[in-house]
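Heads up, the next two complexes both have subunit A, just with different partners, subunit B and then subunit C.
Moving on, here comes the complex of A and B:
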């Protein structure tokens, strides 16, 4: 140490051995201070605590940064690259991944002699590692693959280009298509071959085609759906009459006559609608975009099948932003297609929000009432202690267990009972006796019940005894005191419980897989058909959607960006639900807790 | 009964004969020693009390918190339209006695009572008494201001609300009268819909008084109403008590000798759960019959 070799007068306390002590007491004091300061001030612990916090924050920030970066970027249009490979294959598409790897020697054997020499030289200079890139090449109906890897040494030197008019076509079926525009055909007749004009026609016609598509959807889903619902109701009436009055009863005969009438009247309307749909389809089919793929194959695409088309290498950042926003719009407001790997997630957003709201409606009153009894009415004793411990332990039960319980109890016992009582005519098709929105909400309500009970109990305990006494002294009964004084005062704390329950419930997936969340729900749980809210229906959920995209999708590479985007959306949705609840809580706080008490 | 009451007073015949004996004959502290040793002891009640009409008649009242006894045969007649102060060292049972009047002690587990009180002749502890109805006849103000988490208006009319009063005119009239009565009207008349929790401590306490008098109580219990307030706010509350005197019968617990001597007409001195001496405030402070009372009010003890 420097103090030992060069004692300086400026640092008389740096060591008792280095500078002569002035007095015995002084040395002891200074020595004692040096020995204890570190621990007495808790310096290491401050660092420890701060370090833990920083670590926790870094992990959360890392997670958010990954999700936001990946999720926000996935919709940005990439340029379309065209490369010629050794052996004559030509690829065109968007670069989606790039990595360095060590090629096996056998890969080089497949190359032509001169390419092999070049590849060897390249590999020697880079110590055996080579770059390879993944192109999204689309055109699945022609190539049977969505993606293709190629290494730098495989491509013909100087062949990489960004073709000016290369179009990226997003389709309703078969995924993306990459190609160069060749012609615009109407009813089989070529109208133009100029790329700029083709693009212009495409833009204009696509909007009209979109309108026709929407119209077809309305006809199919609403009008024909309504006819189907009418027929179904008449059919069920027959079955019901049969069950209630017997197979030969006059009631059944009447119902059957009614059914015949309904079928007869709807048949005509049905044909009419079918005709309308066919006409619209024909128009959409008649306008075709002819493209040439990188391999030189001509392919005609119907306008009705095209969702979006843009010349990726021509557009500037403003148009790119337009494509980006339109993709987000589609993502948020449309239904999924291509087994969920493309299109939107509106049904999943809808399902998540409705399920969470139903859960809150179920869990908050139930939990608050239970907590009220526990805290205000029950006489404390061993039984109440056991109940409280049990409630707390309920919070630690794995969520899948709740799913199993929900399936066994709600779906198979309660639901089957309801079916027997109210929907006997639909059996053996279950109505409530299967997974559905209501059972999912109730299962999650059960899952989040401990959170609400514990938070409410704490909020009730925090209401000052002086307030209760004041109320009793005014001649209020216990219930009046609870209703007018205790509950309003505890409301912000109860809201905290609700916020925690929402945060827990909206992100929960495992139990939902058993009690009602599905990959693709044909109908939303709320629609225009009586009784408008259909709590028995299966629904889509963002959390389950992520799992399905990431691990159950046939085209998992194409679904990967959607996984991040959906995750981002789920996080955003939970944050939004929480913010709404926090906003309400802040208002309640201002009302009931202002000023010191 | 395990603890037979030492004194069973008959209405209108308070015992006062032995008082002078104590002061002259016994050494100072003899009464306290007797109390501490658990010996029997009779309350000294001045003759002047007997002349007053009692709004509240406490008759040989005992109270136990579990196994420990907090009140020993307290007998006391609280006069109508007067201010009666309860004084005594901490833990002597003043607040317990006060909270027994409106049966707030019922809320505490393990409380057992014996004896009875009469509020305008109606039994308070008799069987079949509706506690809720009873409490509506008694107003109470606590040590710390405890306004409810609602508007000033709703605080004042709380007791009417819980009775189901919906007539807006009645509510507004009672609110104004009570706030005027509590000397708060001028300060809050423009912001009756504001949260009561935004008022200052002194204002909150006057609001609590307004809330207590809104129900037209037969007796008003004040449990150290100024202990959490600054001297100026305390002064205003004392003035207010002065104004309420006459229209309300007030029973006030206080630790402050000056407050007791300034505001009250009658004073009761309590010690270890017994009512030691009870009489007109002037006599208690200037001419007490017991040396112990003199020691306490003069600050030599307690």
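Moving on, here comes the complex of A and C:
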């Protein structure tokens, strides 16, 4: 009986589950009524329903295709083009866009006479439309531009070329550099001027420089970070002693002596570490790549500043694939640079995942308990109806309202209270009294609570009455029945609620902007320092990162591909979280089915 | 054939002269450099702790760049940046939830009073860099220049600058051909932004914006809006300029139009320029704690000012920086002596 009415327990069974299970027979009888009209046949409705499904799928597929096409392609290395323009300017860079347009007469007026004649002729043959291309020219410190447009008629005829040794150089600061290799210098001494040799040296030295860079990071983050934490703790101990025992108490004096000791011992170590870092930096600084830009300006780049360098016009598709993959690797595993417009998004991935997991941990038990009471214990009446309506309405409250509530209640009331009680020594710097991971998770938990409650209620209602009755007949109490019979049977439905909650929560950004997501968070919310999970810290979030890249970035043209890749990543992450939940649900269901036989 | 070519050449040479004052793409644009007198930043001992910055989104990227640079000097300092608009800076400073309040405008009297009510002194404004508000049009737009009065008439419904007639189409500001009857599509910032406030005060003379201004959530969004709208016009910081838009030269009444170039901001001929500030809670006359003092010293060092250029803004004139450093008790000459060991 139960398998006949509920072939797929995970699908929220609309309508039918509100009525008692026995009504299945009645539904079947009314469906078997004799029908002659077209509508009764249902033909148009089949078309309507199938049409809506196709429309929905087409929209999703279109969006995904756009994101995947833009996001997946943007890391592929492009050839480097060099063009000479009328007026003497020489550009070199990667073509990033191309379009046809109708030039204004004023554009032609600015050309030199010969070029104008050529341009007129070209425009006449093409009915007034011309092609223009956008080059990523980089070299920002020399040009104050990242990109430049040029039209075909502006270039000196035959000047377009693909210089064999043109190097694309991605740097830690100042963005990309395009140039031709001129020399390899060590400590100011030119060692070689042959392009092939320069490139070979560059490859080898870059790896060494990368290792030194990693070493610097480890020294800075772990060793110095630890010294810092020690000092900070000692400083807080002084403050705490002062608050608890007064400014002249012996406890404070003791803490102060302790602090002086900690500082003295850590300062020496600190000096050592800084010396090590300085030495590593000096080595990275001493090896220089000298390049000539397209306009003939010489520029030396230190190896420590180079993230990636490749001769774009020489590499074959295998090497190009290598560059492509290494860019993805950097994107996924590195920290952002240059105010987030370059580098990776690891902290944002991390923040999103941890926040979503914390949210699930908070919302699922809470929602399931509430739904259990509503469905199993509460006597149905006007009060319960009102509660149910309120819960359903909660799902329709705009998410930014939850954000405002989270800020006002969690951060400013609860958080400030916790600070006063537990972290008084850190005031006026707030610990919990500001946006943070915990408050974000709880705010999103509130936001997704209705989803979980509604899904759980549906799942509980779908448990056949006969199973409960069987349990009661064996003498089980109400709680035993719920615990042993109802909950396991409803588990897949509860998991569905959780999946929906994750999907909603991971993609939500608006409330997070108020309660803890920031543009740049200095530290991950989980690290090696006690107590390992730091729920009070602000965090980075992929959704907020997309907003930031899309609307706030200074170099918005370079940031655009990052917007697509980050979007792709966020969608991928949500799919992965959902798949994990679906996998768990499938296992649960199998266990339930095995147990039933 | 030959004669027609030479006629064409002669004609075009003439028109070249005619259009000479409007240099389209100067081959050698002057690049911005940091004043030689700015000293290299040298780290000192005893700086640690965490910095939290809440405020302007114009300064958002710059604060992040400064943060990244400061962290290289002091790996042990933690820095958090939040930027949702200049109006969010004063409350955070007053509540004590932030260390620095970057603002793209000066604090309003009300905001200063609120601060003073709580602390008994006014917050200190540190000028950090120079920004120019540019009026952007699509790169294909042939518009040569605008007067500030025209800008007011384009963006404002009150037209306090004195223009009688409303400007609705590109023809109203003198464009011909296909542009003449095309309506102007307006882009601007949302009201929490200091850019919005500054433009309203200095270009609109506190008049009201037209309802048709499409308010954007970020400075870069304005530029992107104009970039994708052939008939668009918008205002935003010069740092957000891209290859898809063009900054229109602006003219004060009765003066020649001036390009949005830094020299024109320094000598005051470009009408819409401003300092970008970082506000800090500092009791005048007292000693500032090392963390904040050094951060400010970093902003006003060679490295800090290079970051300014990197972000597309302009370095602070050196005398202003020197005066500011002295006012916070970080005497430049003693600093140099103290840090040279």
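Worth a mention:
FYI, the second predicted complex is superposed on the first by the 546 of 597 C-alpha atoms of A that agree within 3 Å, B and C clash if a C-alpha of one lies under 4 Å from a C-alpha of the other, contacts with A are read in each partner's own complex, and residues count from 1 in each chain.
Note that a residue touches a chain if its C-beta (ideal position, glycine included) is under 8 Å from a C-beta of that chain, and two chains touch if they have at least 3 such contacts.
It should be emphasised that the depicted structure is a prediction, and the values quoted were computed from it without experimental measurement.
Looking at the shared chain after the overlay, A:480 reaches subunit B, while subunit C stays out of its contact range. Once the two complexes are laid over each other on the shared chain, residue contacts for A:572 go to neither subunit B nor subunit C. When the shared chain is aligned, subunit C comes close enough to touch A:433, but subunit B does not.
In the superposed model, A:231 lies in contact with subunit C only, and not with subunit B.
By the document's definition of touching, of the two partners only subunit C reaches A:148; subunit B does not. Touch criterion not met for A:79: it reaches neither subunit B nor subunit C.
When the two complexes are overlaid on their common chain A, residue A:464 makes contact with subunit B while staying clear of subunit C. Once the two complexes are overlaid on the shared chain, A:489 sits against subunit B while remaining clear of subunit C. Note on subunit A: of its two partners subunit C and subunit B, the one contacting more of its residues is C.
Shared contact residues of subunit A with subunit B and subunit C: none. Looking at the complex, you find that subunit C touches subunit A at residues 5, 8-9, 12-13, 15-16, 18-19, 22-25, 27, 29, 31-32, 45, 48-50, 52, 57, 60-62, 64-65, 67-68, 71, 75-76, 78-84, 96-97, 139-140, 142, 216-221, 223-224, 239-240, 242-244, 309-312. Here subunit A touches subunit B in the complex through residues 464, 466-467, 469-477, 480, 484-485, 488-489, 591-595, 597, going by the rule given at the top.
Per the touch definition, subunit A reaches subunit C in the complex via residues 87-89, 101, 103-107, 109-110, 112-114, 116-117, 120, 134, 140-149, 173-174, 219-221, 224-225, 227-228, 231-232, 267, 270, 277, 337-341, 427-430, 433-434, 513, 518-523, 538, 547, 550-557, 559. Partner subunit A is touched in their complex by these residues of subunit B: 102, 104, 107, 132-136, 138-140, 142, 144, 146-150, 158-159, 161-163, 195, 197-199, 208, 211-212, 215, 221.
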